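Structures given as structure tokens follow.
Consider the two complexes below, in which chain A is the common component and chain B and chain C are the respective partners.
Presenting the complex of A and B:
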């Protein structure tokens, strides 16, 4: 079984999902161009259509739940916040009243601008979020390393990610142990903050000392040997189709931008 | 010529008053199996750090005297090159897991990736080492979720897979059960037989007696005693240095005191059996 597993690394790593198995750079370019296009368009109908597309697409990639969770929070915060702010802040150019709440008049013009702005903010954030949800950090680093980023940088990035996960785990463990020693960790802010400081000090100390030890341990794995690296787990390199796709999307974004600028100038 | 040569070496860790190594002079020969024993805080790990060049490259502090590895002063060694030459299994298995790989198999392969070993060879070597250390069933597991003993074995595998000519091994069995310990010693012994130089810190004195050729006893930062295994471990004086001697040696001394001495002081069980049998005839 272990032999079989070892030999599985001889093939390119695959998840079986069309989108997820694209090369990280391809995914980055596609997500980024679509995300940027919502800014260039600055139009709520386009922006929200793209957002809707993100949702559907995320489910297609098998990361729907994860994406929805974060995106909905963004949606509520950015969307609502901007709509209200616009009604309060921007009063010039308002001519068409829509309705009135306790003497507070909402105008159509402000409302549309706020929709436009929030649609592109969400359109942009959603594209980036979709990319990170469907691209594991290690895949991204793999692509970076192949572009010449040093493996040390890549290690630090991956390791920081892992540290965050570990820290969360350790802090829960410390909180639990303090609870069992009778320190109050539930309750109001004051009570919690009293528990907070004794919690974080061992956490920070631990993080420091383990960083030092870890860097030494990695050195023992020949980290600082100046030789060309090889990779056990390899991703399928960008195919011709992927390259063409990236080019098309980039060209589309550029033309859209040029067209928008030209239109603005003519006006 | 000696392989690793320490000449009057003293070392003090940064921000400490006491020297962790005091006037240490010793020559290690190529291809031999050395055991380092001694009290807690005696300087065993510090000695390993020096031989492997972590002192002075990682631990700053104050290093005096001369420490040559293969004729080159540790101060002048490139940290990368020395790591490809001397493998180091650390005392603490918890910090030896990289934390960036999703499976044990990938974890063990890290060193080979860094050394630029071609993929097919890499896979073969990792498979072999996993079999040697009995971690075949763990290859798909997440390295961050292993038990203590499993971690220690994975850490050990990750170093020996690199196949360096020298291995510095600091208490590799602290988290293992007797069976696991025995198998790790068998592996170390077979590595020695394949011509590697081994420097091993270990508290389990019976295993030291059975496998090592030379012993160094560290006490208070000094090499308090050194010599062939037999000479050191059959000497009652070794007990005064804060370390143990094998139970069979104690037995040998007891027989002597009882006026029924064996022909020799045994340090392993096999030896004891043989000596007792011989006396019976």
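Presenting the complex of A and C:
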């Protein structure tokens, strides 16, 4: 059993899902090109079609729930809010009334403009969300390190994520302690603002004081040694098909951009 | 003599740090993840206390004020990248946080954060950057019109009642919101910089600025 466990690290790490097992850089290029294409196209039919595709794809990768939860929040903040704001804020160019709500006339022109803007904002956001939902940060940093990025970058990214979790717990503990010693956390904005300082200051100072020990501990684990690093978890390198796919998507985005610029210049 | 020993240590450390131009020293490197985490937690404490503010630049300003340009810029950039995991549109606003770091270093070198009134005044610079660059980014990203943030609730009435151009209304709204946010941010920064122990400050590239009577030691050595 121990041998089996040991041997598991000799194989490439796999999840069993086609998309999740792609090399992180492949996923990044594919998601980024699709996300950018919605900005270049600036068309609500294309943008929302891509968003629908993200949903179906997220469920196919087994991350549907997680994706839907975050995407719906963005949909309300960016999508719905923007549609209302354009109806209120856009005054020129409105000629075609659509409908009326309690005397408030909605115009077709500002409605289409808001759909265009929110579709590319959501199209861009959805692509990035899908990527981060299906790619752990450590896998992304593994790929970057293989591309020649310093291990220090990996340390900064991964350590930051861990620090956020740790400091969040500490901040709740500090806030509770301050409350128990009588600090006001309810009341007007000034009272609540005053409670901010006794919470954030000990948090930062406590975190700072631990850096020296951390620095020594990291050096004891050969953090500063300049030589090739090894990894406990290896990922399958980028295949030829993946490279071709990345090239095709990148070329498609470049062509789309050139076409859009040329079309705008001819106009 | 402990006093003499401390003087020599400060001088030595600051010389070592000054020699490492363009390179991030080890201690600054370990402060970067903490700065990033503080940016996040600052915002979350604001939510816990139901404050209608961002308070998400404390880490950037503290690290920049103590460690210099590169560590501050990295904190600003990575904070926005990590924020993009849950809210990808924050990626567009990464230049803002990086600009805060640059301004924080300039003000720190001019010893603004040593004086409370100058510190509070510095909030205006940060608010102007937040409002100015923020309004430009919103303008570009949202198709040369109002954005969908809280600022839109203030900029639209400004545009409609006072007849201000849309960009000017957006700029005024974003700057006004940022002023209160940045005043609280810089006061927190001032408190933290005051409370950091001298032995820790002595090891940081710009820490010398915040050491009491550090100028006196230098004058003595000259």
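Structural remarks
One rule holds in what follows: the second predicted complex is superposed on the first by the 232 of 267 C-alpha atoms of A that agree within 3 Å, B and C clash if a C-alpha of one lies under 4 Å from a C-alpha of the other, contacts with A are read in each partner's own complex, and residues count from 1 in each chain.
We take it that contacts are C-beta pairs under 8 Å (C-beta built on N, C-alpha and C of every residue); 3 or more make two chains touch, one makes a residue touch a chain.
Computed from a predicted structure; not experimentally measured.
By the touch criterion stated above, A:166 is placed in contact with chain B and with chain C alike. Judged by the touch definition given at the top, the superposed model places A:238 against neither chain B nor chain C. Contacts of A:70 after superposition on the shared chain: chain C is touched, whereas chain B is not.
With both structures placed on the common chain, the touch criterion links A:113 to chain C but leaves chain B unconnected.
By the touch criterion stated above, A:125 is placed in contact with chain C alone, chain B being left untouched.
Comparing chain B with chain C, the partner in contact with more residues of chain A is C. When the two structures are aligned on the shared chain, A:88 is found in touch with chain C, with no touch to chain B. Of the two partner chains placed around the shared chain by superposition, chain B and chain C are both touched by A:224. Looking at the shared chain after the overlay, A:214 reaches both chain B and chain C.
Contacts of A:7 after superposition on the shared chain: chain B is touched, whereas chain C is not. Touched by chain B in one complex and by chain C in the other are residues 155, 159, 162-163, 166, 214-215, 218-219, 224 of chain A.
The touching residues of chain C, counted against chain A in their complex, run 26-27, 29-34, 36-38, 40-42, 44-46, 48-52, 55, 58-59, 62, 74, 78, 81-82, 84-89, 91, 141-143, 145-146, 148, 152, 156, 159-160, 166, 184, 187-188, 191-192, 195-197, 200, 203.
If you check the complex, the residues on chain A that touch chain B are 1-3, 5-7, 9-10, 138, 151, 155, 158-159, 162-163, 166, 210, 213-234. Those residues of chain B that touch chain A in the complex are listed here as 52, 54, 58, 78-81, 83-84, 87-90, 92, 95-96, 98-100, 102-103, 105-106, 109-120, 122-124, 126-127, 130-131, 136-137, 139-140, 144, 158-159, 162. Those residues of chain A that touch chain C in the complex are listed here as 42, 70, 74, 77-78, 81-82, 85-86, 88-91, 113, 116-118, 121, 124-125, 127-129, 132, 152, 155-157, 159-164, 166-168, 171-172, 175, 185, 189, 192-193, 195-197, 199-201, 203-205, 207-209, 211-212, 214-215, 218-219, 224.
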